[in-house]
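Once you've had a glance at the structure underneath, I'll fire off some questions.
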Amino acid sequence: MTRADPIPRNRDNDYSKEQAALRCEFIREKTGAILETVSAYPIDPAVTQGNIENFIGTAQVPLGLAGPLRIRGEHAKGDFYVPLATTEGTLVASYSRGMRAISESGGVKTTVVKHSMQRAPVFLFEDALQARDFGGWLKSHLDRIREVAESTTSSGKLNEIEQYPVANMLYTRFCYTTGDAAGQNMTGKATFVACEWLKKNHPLKPDYILSGAIDTDKKHSAMNLIQTRGKRVIAEFTLKEAVAHELLRVDPKSLYRYRQIAAVGSIQSGSAYSGAHSANGLAALFIATGQDAANVAESHAGITYGQLLENGDYYWSVTLPAVICATHGGGTGLPSQRECLEVLGCYGAGKADKFAEVVAAVVLAGDVSLTSAVLAGDWVSSHETHGRNR
Amino acid sequence: MTRADPIPRNRDNDYSKEQAALRCEFIREKTGAILETVSAYPIDPAVTQGNIENFIGTAQVPLGLAGPLRIRGEHAKGDFYVPLATTEGTLVASYSRGMRAISESGGVKTTVVKHSMQRAPVFLFEDALQARDFGGWLKSHLDRIREVAESTTSSGKLNEIEQYPVANMLYTRFCYTTGDAAGQNMTGKATFVACEWLKKNHPLKPDYILSGAIDTDKKHSAMNLIQTRGKRVIAEFTLKEAVAHELLRVDPKSLYRYRQIAAVGSIQSGSAYSGAHSANGLAALFIATGQDAANVAESHAGITYGQLLENGDYYWSVTLPAVICATHGGGTGLPSQRECLEVLGCYGAGKADKFAEVVAAVVLAGDVSLTSAVLAGDWVSSHETHGRNR
Amino acid sequence: MTRADPIPRNRDNDYSKEQAALRCEFIREKTGAILETVSAYPIDPAVTQGNIENFIGTAQVPLGLAGPLRIRGEHAKGDFYVPLATTEGTLVASYSRGMRAISESGGVKTTVVKHSMQRAPVFLFEDALQARDFGGWLKSHLDRIREVAESTTSSGKLNEIEQYPVANMLYTRFCYTTGDAAGQNMTGKATFVACEWLKKNHPLKPDYILSGAIDTDKKHSAMNLIQTRGKRVIAEFTLKEAVAHELLRVDPKSLYRYRQIAAVGSIQSGSAYSGAHSANGLAALFIATGQDAANVAESHAGITYGQLLENGDYYWSVTLPAVICATHGGGTGLPSQRECLEVLGCYGAGKADKFAEVVAAVVLAGDVSLTSAVLAGDWVSSHETHGRNR
Amino acid sequence: MTRADPIPRNRDNDYSKEQAALRCEFIREKTGAILETVSAYPIDPAVTQGNIENFIGTAQVPLGLAGPLRIRGEHAKGDFYVPLATTEGTLVASYSRGMRAISESGGVKTTVVKHSMQRAPVFLFEDALQARDFGGWLKSHLDRIREVAESTTSSGKLNEIEQYPVANMLYTRFCYTTGDAAGQNMTGKATFVACEWLKKNHPLKPDYILSGAIDTDKKHSAMNLIQTRGKRVIAEFTLKEAVAHELLRVDPKSLYRYRQIAAVGSIQSGSAYSGAHSANGLAALFIATGQDAANVAESHAGITYGQLLENGDYYWSVTLPAVICATHGGGTGLPSQRECLEVLGCYGAGKADKFAEVVAAVVLAGDVSLTSAVLAGDWVSSHETHGRNR
């Protein structure tokens, strides 16, 4: 068995146009593929250091503008134009329609109700009793552990250590607030240092593994839905009956009835999101603004709740328990990504909650449009069958 | 309440550089944000028609090259270099390391074991008995329904109609194979036509809604894990003990033991993926190749299974029950996206299963690297504490 | 370490009053406990052979009579008086109240919509490809496998073999109808023989384990909710507005609104049953009638669905996807258990579906009563606070 | 529509032999069923007051004795003989076999690691912001709320109030320790009084519903698995290799390998219990000892974890996160039930943790036996095919 050739790297400076071109040429030789557009990037490769390795160029993801979306949040206030990066036709148009329905109904309220980003070490013991007692020790030494963990970060704060004893192990979640960063690395480092301190200072010197797989990083989980991961954000608005009829061509009563049917469908299928399609808006907004798109896995979870009001309007909300987002660090500072954050007034320090509110508002807008389309389509189909054929 | 200004559109030709520039200027006026890099796209806006609305430019997502990855699949065979679009530093390097461990162990076997893409109408009846009997009628008329549904598509094939009766409703999943397309639209249209036919031809003329929320499109679900959505793909390889030690600095025994601990963590947390981080590789590969990144929500679900072998090697596999991907349609034909598919030899007709195999192989590579890092880090930390300080 | 004394057994006849008394005496010596009531059983120990080992007497579980409950099912028709064995005060009274609300509203429709009892062997292979191909072989040889499996039973019928490939294994569910028996043993034997035949006749002679843990016997699972285990049964009725007001002191509008709130609670908590308390009625009815009470674990799963009707009445239903019950075999023939089945007209051959319908109807009655009590309590509390105390 | 006759009741004294006989006679007239054994109860009907309504007699559930089971818990210490009430043949024998394997391996350690019984009111607000701020108020007024709640009970202690904001609502779980009672009623009353106090004293006078359906009473839930309901109990022991071979006819290596396969099956099926059959032992023990058998729904949830040790022995544990049990109140004081608790030395005050430990130990014993039987059966079947038939 011969080994395939390694990808060319340059130890001195791997983030140059030349080096990227070298790799593209390597690919052309190996696969015949010509990376013409990939290579035609308008950015300086040097700025991608820390965000990518073996840089060859950029993926050109089409950006569309949705909105305006009127938000009346704690942090996000005003009319927003939202850049969405997607290749799914109609997505931008559909979200725009939902935004219009929301705006014409008076706007959406948005609220961040909890912050909690985790790293989740598991501690190993001889038996369950040791594990339980270690848990007690964790509680009584929380202040000291917090001090140790927070010594590694300027913005991370250790709020609590959740405990889940199983067998002779103690699974934990170290829960932090992380300022304007998403916080996976920050919490990883802080927790590592705390664990090392625990290993040294607890009488049993317990072995541990830095991830007991309950973080649950880059994956949906019941635990995230229950305990929150990142930010728990709620968006809610009251759809005016007239807007429903005229713009969305649905009746609030149908929306309400469908909510029952969809909730049952959600329970029957065990789905992570009980609304229409959070992931679409999340992915498009995350790619545009330099968020980690893998976090769509966690962030798309959520619960939709509606209520038909006495006056015929329809209260509509979405609760997202695991929004992972940042306005600082990660990909947020890259050129096009930063520009998109700036469109939202969400770049940099002190903007993370504002951005999280925008995220939830966008998700709600997408659900408003798609749900209505599904129902109006039903009406259309009824119309076609029973109307013209009569 | 005054309305915010609408986004400028051009009814005649909305996909021109001028129109995009107009919108960027509009944004500058409204928000102050200057879309310099967003506007510096190297593609013709005209090619984005059908993929985006209100085009303003492109998101520049850094592309890195990982590999080589030796795959010994049914459709994917050979050494692959994998373009990954991400802004998460170390991701490309880490996946590359996992690919090397796999390749040096002889490569990864990949198998697509099931195809099933759905649209999921719910039919409404007076009582459960009617719903059940309608279900019987569906079964006995499947050939005719198939004929109707397939009349709308050249590549979609209706395989079966799953039935889930609840209350006085019949929730169904119309399950298709969809050729090289992901198939959401194809199955939507085919199912709509089939439903209209059912409504006309079944004695009860049943009302229906085209989505009963069990598709479960753009969201993770237990149903997807059980019944498959898109493609169910398995990647498996045997990690050689020597490679584990030398390249990954872990012992297969530790990997095996950790598998137990992580499986328990996965059960305790109710996570959608029992391995390390499928979503990272999926998102990066999906963005690079013009897949719908929102499908990370569904596709990241999966089950990891390992086995310590008598000879000290470690069998390692990942089963992904809901890989949604395409090599035709959607964003696959856009310039940079097509180039990336071509790097993999996966562009166009007859390539979807090959690409799905690459997807699973990449996910496995990422897990190999991260899992080992978590464990070696444990070892490292032990070393730091117990080694140098002695 | 000395061993504790073994429980006295009699190899010749272990099911006599003498032998039971001997064991009670043994217990008195070892623990001081005097089994006076346990020993005062009115049945012949000989009849318990096949149902218990080391017989010492009987648990005296109080039986109360609930009803009448008007059922308008396919198999259960008429007014039923329902024996419930429980030690939870108010349970019988509460179920009776729900039954009255149902009966006064015209009775409950009940429908068994699916039968499927499983044994779930897992087959082990070298790789996923072998496992997948074995799955194809299973499909093409289903008739022969059915013949083999059904050779072991007079009433069991093998309907299908569900397949769930993971890693290099094929998890399967052999799905049967089992006549009037619950069928765990029947399906176990039939599947074992089928597996042995497969192992002998398939070219690969695949190893297997008779349970791959997806049966999922004596435990709740998403798979049961989706695929059915035992019987999937639906009970539904329309609560008349007047009955709601007068008997239950709730308004259908409140019930409907609460349905939304409880559905959200169910999704938030990931609960196995989205109604009020199926397990109470199930346990009480199962113990009374000689069902396996452990099956409450599976059978309590379900979905509640309600709809407010134009005329102010409230459509209320419960769907139970995993009712495990029998009117033949198991504990059904024991003296008090048989008598209770006879009260329902459900003893013996051809009665299982009728009994399953009664089960679902009883569950619905319990939910009607408790849900209303929760809401009326809310009203009461409001009344206390805002009414009389003012 | 004529109404069916009501069940005869006696307002003055409904708990007499005469009144029970009257109802049995009523049943004979209505259904033809003769309640001979049901009527031959050896207890005084008067003692069932508070446990049943419309008393007609008792269900005679066969009791078998399993054991001895050596327990080395915190509270349960020594060799236990365990009364099990069941109608499933072989259950007692199988549990006894598992108990023997445990005892011969040195006994089982048992640990109660958490206490938390809930009532879960939901509070209703205008918007999410109000709900969130109310949550903050709850935290800052916890001491006062605790005082109010605990004023209603001598043994209940309010530990914390978990918060789950969704939409414009705050779902909560009031978490208590409840002494030797299961505590559903105690926590219901205490929480009701606390809610009334909140409604009166919080500036917004918030509406609430006493159950927002996340208790999750009498039903399995992810929330119970994560947050505990009742008692979280762990049982663990090390199966000696020799005992495995000689008594159970399995090899620890096979047990360990099967653990992987069953864990995958558990994840694939989304099952509530990742071991073999907790519900069997729970139901039998609960019925025998006057527990609420409906709680099998919650209590059967759990996680199995095993580890192959260097010396060839096998560490085996089960973690039960939602054991609901009592040694005081409910059905525990009824004659046969009390006798069975006395056999275990678990009747009355101060015994609840001891009893919970016995529960977990019994569950583990059942899994040891059944799991081994499944695997040895595999071996047996191999033997039959490949051995004698050759």
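When the chains are written out, they are named A, B, C and D in that same order, and each has its own residue count from 1.
Note that a residue touches a chain if its C-beta (ideal position, glycine included) is under 8 Å from a C-beta of that chain, and two chains touch if they have at least 3 such contacts.
Everything numeric in this text was worked out from a predicted model, so none of it was measured.
Between B-C and A-B, more C-beta contact pairs are found at A-B. For this pair, subunit A with subunit C, the centres built from the Cα atoms lie 40 Å apart.
Rounded to a whole number, the gap between the C-alpha centres of subunit A and subunit B is 16 angstrom.
Measuring from the averaged C-alpha position of subunit B to that of subunit C gives a distance of 38 Å. Of all residues in subunit B, those that touch two or more other chains are 164, 166-167, 169, 222-223, 225-226, 263-264, 266, 268-270, 274, 303, 305. Chain contacts in this assembly form a complete graph, since each chain touches every other chain.
Residues 74, 109, 111, 113-114, 127-129, 131-132, 135, 164-169, 222-223, 225-227, 232, 234, 236, 270, 303, 305, 315, 317, 319 of subunit B are the ones touching subunit C in the complex. Considering their complex, residues 222, 225-226, 257, 259-260, 263-264, 266-270, 274, 303, 305-307 of subunit A touch subunit C.
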